[in-house]
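These are the structures, in structure tokens.
You will see chain A twice below: alongside chain B first, and alongside chain C after that.
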Partner chain A sequence: MTPTTIPASAGTRHLVNLALVRWHLTASAVCYAVSLLAGLAYAFQFNNLYPFAGIEFLSPGRVRMVHTNIAAYGFIANAFIAGLLFAIPRLTKRPILSDALGWVIFWAWQLVLTLTVIGVLAGFGQAIEWGETPVFVDPLVLVGLVLLVVNMTVPILQSTEQGLYVSLWYFLAAFAWTGLVYFMGNYLPQFWIPGTAGAAITGLFIHDLVGLFVTPIGWGLMYFFVPLLLRKPIWSHALSLIGFWGLAFFYPMQGVHHFLFSPIPMYAQYGAIVATIAVEIVVLTVIVNFFGTLHGRADAIRGNLAVRWFFTGIIFYAITCFQCAFQVTLTFQKIIHFTDWVVGHAHMVMYGVFGFWIMGMFIELWPRCIGRPWATPRLLTAHYWLTFVGIVIMVLDLTAAGLVQGFSWAGLSHWGESVVASMPFWWVRTVAGLIIIAGQGLFLYSMWATARRPATEPGMVRIGTPVEA
Partner chain B sequence: MERFGASFLIAGIVTFLLGFFLQGVMPVLTLRKVPVATVEELVQTIPPEFSDLAEEYPVEFERAFGEVSLASLVEAIELGKENYIAEACWHCHSQFVRPVSKENIRFGPVSTPEEYQNLMQLPHLFGTRRVGPDLIRQAGKHSNDWHMAHFYEPRNIAPYSVMPAYPWFFDENKRPTKRALALVAYVQWLGSWAREVPGTIYNVDAMRGGDQ
Partner chain C sequence: MKERSVRGLIIVGFAVAVLVVAGLGFAYKMSEFAVTIMKDEIEGFGAVAISIYLVGMVPILFFTLWAIATGRFRDIEHPKYRLLELDDEIERGGGVSYRVGATVAGGRGAR
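Moving on, here comes the complex of A and B:
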């Protein structure tokens, strides 16, 4: 399917604004590089080799906030907006409400990211995990989110298609959730609700940002891209119903699991644990559904790099869900809370799952946006393997480090012993990060080399084009 | 079709509100009878470490906060908290003691909700990661000088430490600036309301070789 034009009212507007998609992808790639380098610098602090030691505005504590916030709001959000700009018009057969508004949102969002980096480096970071964006940036974020929702919800609600496809359920729910979640997390514990109750709400924010923004849009895009690339419908409509409603019901009520054994009332802690285990079971139905869809087309994992990224991400998703159902219990929390185990888990979810899905989207969308097939298939394969090996080493390493730290603390060793024992693990983490970054270097070079190729027509690169021979 | 699409938006809002009520509003309701103290209401006594600070760094203290008083203590710990947040100390230091993993032996009494019902915990600083130790029972565990030297270069005090050095808290003569005094006052105030009783076995690290 090449982009079709909309007759009558919409004039000759293209269905998908590929220029917008391309710029969001580019911004995402830039943020990706920034986030990875910030993460690498921070990792070096743990080897006492911090490259910017003594420079106030590049202090490791501040650079860590650049790493996490630019990963979430720069890399992931920009890539998701690109995916939505591509998927929603094709699912609804209507373009987004306004291209001009799309550009306003694009620049507003990049302004948000720039101000966030400047703000946290200048010492205005908020003490809300994943919401460190300075308080003066928050209103702009909310305005941007509302405009984004308007721009994308109108075509969905106007669609005359028979029945809404499952992707659109997820997108609509995420549109309702994201602004609410952002407002709740950045304003209530900051200005109105102190202490223990504020911590409960922060926990909800940490969790909802992953659960109600990243997860539904990520799954919605998977429901769009996987059937498209495999050229077959999703395996089970019933399972996708269970997956959506299970997520919608259970996911919003598990925030306190970030603060187990804290002074937050125990009923809230127990409730969060039960809801978490419930959602892990429900989410397994989604994973089953995708493997059901893959059945009979498993060759695509060899021949199509995008599909390979997607399904590697889905396998990581299954692993994190399994892990989560255990680590959320009080028994595990005694030891692993406050340790690198949780850091490993966060990297597997945000990077191993959603980062991998985004990489798959890049593989598929970048050639279509710039109208040239990938120039460097071999480098892209190397990129996949370096990233895969890097993240697997990092997660295994941090999980093991977490156990060492947790048992060292519980055993009442001197605090310094837990630090000394962690040193080798922190070295391995740095090396794993270097492997990942080497892969991303190849990837960014590939994007650039592809963009410099002689032009063919935009949109003529067909979806499902195998990247590898 | 429009109504069908809107139903997912409405479902999103309803499920969000349900979760928000169960996990956010109910803890607020549970704690509604514990009044939220302002910093002035909260700070009723001057910890000895704060008076010591004025004696140890008289010129710098005088310039920064004037006399030792409840008002200057409030100013110092509020500025200290501000810097604690700006440097994101809370990414590597938690501020609550759990009733498990022998934390009451290592750090001191287990945290209770009412300790956090005050504006020094707006936003709360629970933290989710411990690279360094918990700080909510930190008052008096080390001397002011220990903290100053530690902020300047942690590895001079604890060779294994991975904490960043904060030389920008000190002037060109390596004397503490207002920020350094405020941070030390803040850290030395944390837990001053729940001090350990001498002779108990709190703070296992201090017992086993002094430093942390």
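Moving on, here comes the complex of A and C:
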């Protein structure tokens, strides 16, 4: 047992189970490395340098699914669970329902991830974007989600606090939606509603997974950590709740815009386009609140690395949402559909926004969980800059590549010509990926070096607050 | 005082804008999805989209009603101050020597 928590005395429990938080963070970091390496291998495929050529088990299509699934369900989900395990008890003054159940969920979730990787590589991936988790894994995912919701919702309902902070509202929304969305995407198209309708439902699933799982938990954790990092309340709690209600009521069922120019009736496509543009007003509430909170404390961007990650993430968020309002129009879609523009957009959202926020959370939580201050702050700064430069290059490169491909196809050029024209962009993408991976190497080393540090500094080991059980 | 009234105006403006802009956009979309049911086009899609939405909203409405019934909206701005108070209480009560925000200085101020 590492000396990270003081033992709870008889009849008490720690408010936050930091061992659980630490293990979820560790699992998240491992998945992060796996996902990045899978992404790099897939990028090499576009440079005719695929390292596993001829090995069916590691064919590029399957490795790509490992990249996306382990990023979403391994890196992001594990980090989010760590954040929830830390934030919910501190917002409610109640521990999670059961620590034992928390451990069951932890191991069940890692089993899900392991089976997903094995299943996908063995050729059992479902033909559903973001839903490639094999059919035999899906029931375990749903059971895990239900247990997670129960474990996390009970302290919220038991809380005797006068108000409910906005983060808890967002968490509740995610708890309400995630299992339902997962069921919709992984079961309905495969077993009950095939064909065009099934494809349209997978569109809903793809976007709702981002909008009703990643977004509310990401926003909730951002609203939790940023005010604490700045030691300043958010600009307006009322505005944050308006954003919450906007998301809860008007964000669901957005994804038909992923299937524009498809056999889905055009009037339904128009409805999806209008609703997507309209919902950007909800996003604006979050951006306004973030900058209102930061107002007067901009020095923290330079002086506090965690704040800098959150700040950069919100900048990317503003860019990506602005971009989204345009790219869902048919005018843009005529050019960018099926091109690398979309890949660039996806990386900016999932990595540039939520990945960056998770990094900010890591910076704050990892030292707390292991009871030692960061051993290598300068490496962490280098990690930030390498990641930032890498993702900026990657997004600009893929956006430009998408335009080249789109206009090439619109001009009815030969398909091969667009491939030749894309080759330089794919090299730049690989280099950007290598820059990012170099940064993450520093980060993982920093985590390891910090964990190996002797926990001798007074007070640093006394983490975890006993409360009456 | 002036700052508070400006803030109030911005909040009301956003409340109206979210309700009108996002609300109407959403209503338009869902009505078009409903039309697919009436026209019997892409069978199953509209019914799934609407029913999943309605089912998903049940717990959201439950939590909302529960929050109203337990008086959690009485002071709408209170929770944002309470977040910091709670953090102080927990840090003091747990004998933790540092608090959120004090863990790492980065960049130029790295230590």
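The rule is simple: the second predicted complex is superposed on the first by the 445 of 469 C-alpha atoms of A that agree within 3 Å, B and C clash if a C-alpha of one lies under 4 Å from a C-alpha of the other, contacts with A are read in each partner's own complex, and residues count from 1 in each chain.
In this text, a contact is a pair of C-beta atoms (placed from the backbone, for glycine too) under 8 Å apart; a residue touches a chain by one contact, two chains touch by 3 or more.
Bear in mind that the values here come from a model prediction, so they are computed numbers and not experimental data.
Once the complexes are laid over each other on chain A, chain B and chain C cannot both fit and instead clash.
Once the two complexes are laid over each other on the shared chain, residue contacts for A:H414 go to chain B alone; chain C is not touched. Once chain A of one complex is fitted onto chain A of the other, the partner contacts of A:L84 are absent, as it touches neither chain B nor chain C. Of the two partner chains placed by superposition, A:L25 touches none, neither chain B nor chain C. By the touch criterion defined above, A:L204 lies against chain B and chain C together after alignment on the C-alpha atoms of chain A. In the superposed model, A:E129 lies in contact with chain B only, and not with chain C.
When the shared chain is aligned, chain B and chain C each come close enough to touch A:I193. Within the superposed three-chain model, A:M65 lies in touch with chain B and out of touch with chain C [touch as defined at top]. Overlap of the chain B and chain C interfaces on chain A comprises residues 157, 161, 163-164, 169, 172-173, 175-177, 180-181, 184, 188, 193, 195-198, 200-201, 204, 212, 248-249, 252-253, 256, 263-265, 267-268, 271-272. Against chain A, the residues of chain B that register as touching in their complex are 1-2, 4-6, 8-13, 15-16, 18-20, 22-24, 26-28, 30-31, 36, 83, 85-92, 94, 96, 98-103, 105-106, 111-113, 115-119, 121-133, 155, 158, 160-162, 164-168, 204-205, 208-209, 211-212. Remark: chain C residues 7, 10-11, 14-15, 17-18, 21-26, 28-33, 35-36, 39, 41-46, 48-49, 52-53, 55-60, 63, 66-67, 71-84, 86-87, 90, 93-101, 103-111 touch chain A in the complex. If you check the complex, the residues on chain A that touch chain B are 45-48, 50, 53-54, 56, 59-62, 64-65, 123-129, 132, 153, 156-161, 163-164, 168-169, 172-177, 180-181, 184, 188-191, 193-204, 206, 208, 212, 248-249, 251-256, 258-259, 261-265, 267-268, 271-272, 333-335, 337-339, 342-343, 406, 409-410, 412, 414-416, 419-420, 423, 426. Those residues of chain A that touch chain C in the complex are listed here as 6, 15, 90-91, 93, 157, 161-166, 169, 172-173, 175-177, 180-181, 184, 188, 192-193, 195-198, 200-201, 204, 212, 224-225, 227-243, 245-246, 248-250, 252-253, 256, 263-265, 267-268, 270-272, 274-279, 281-282, 284-285, 288, 302-306, 308, 363-364, 367-368, 373-374, 377-378, 380-381, 384, 458-460, 462-466.
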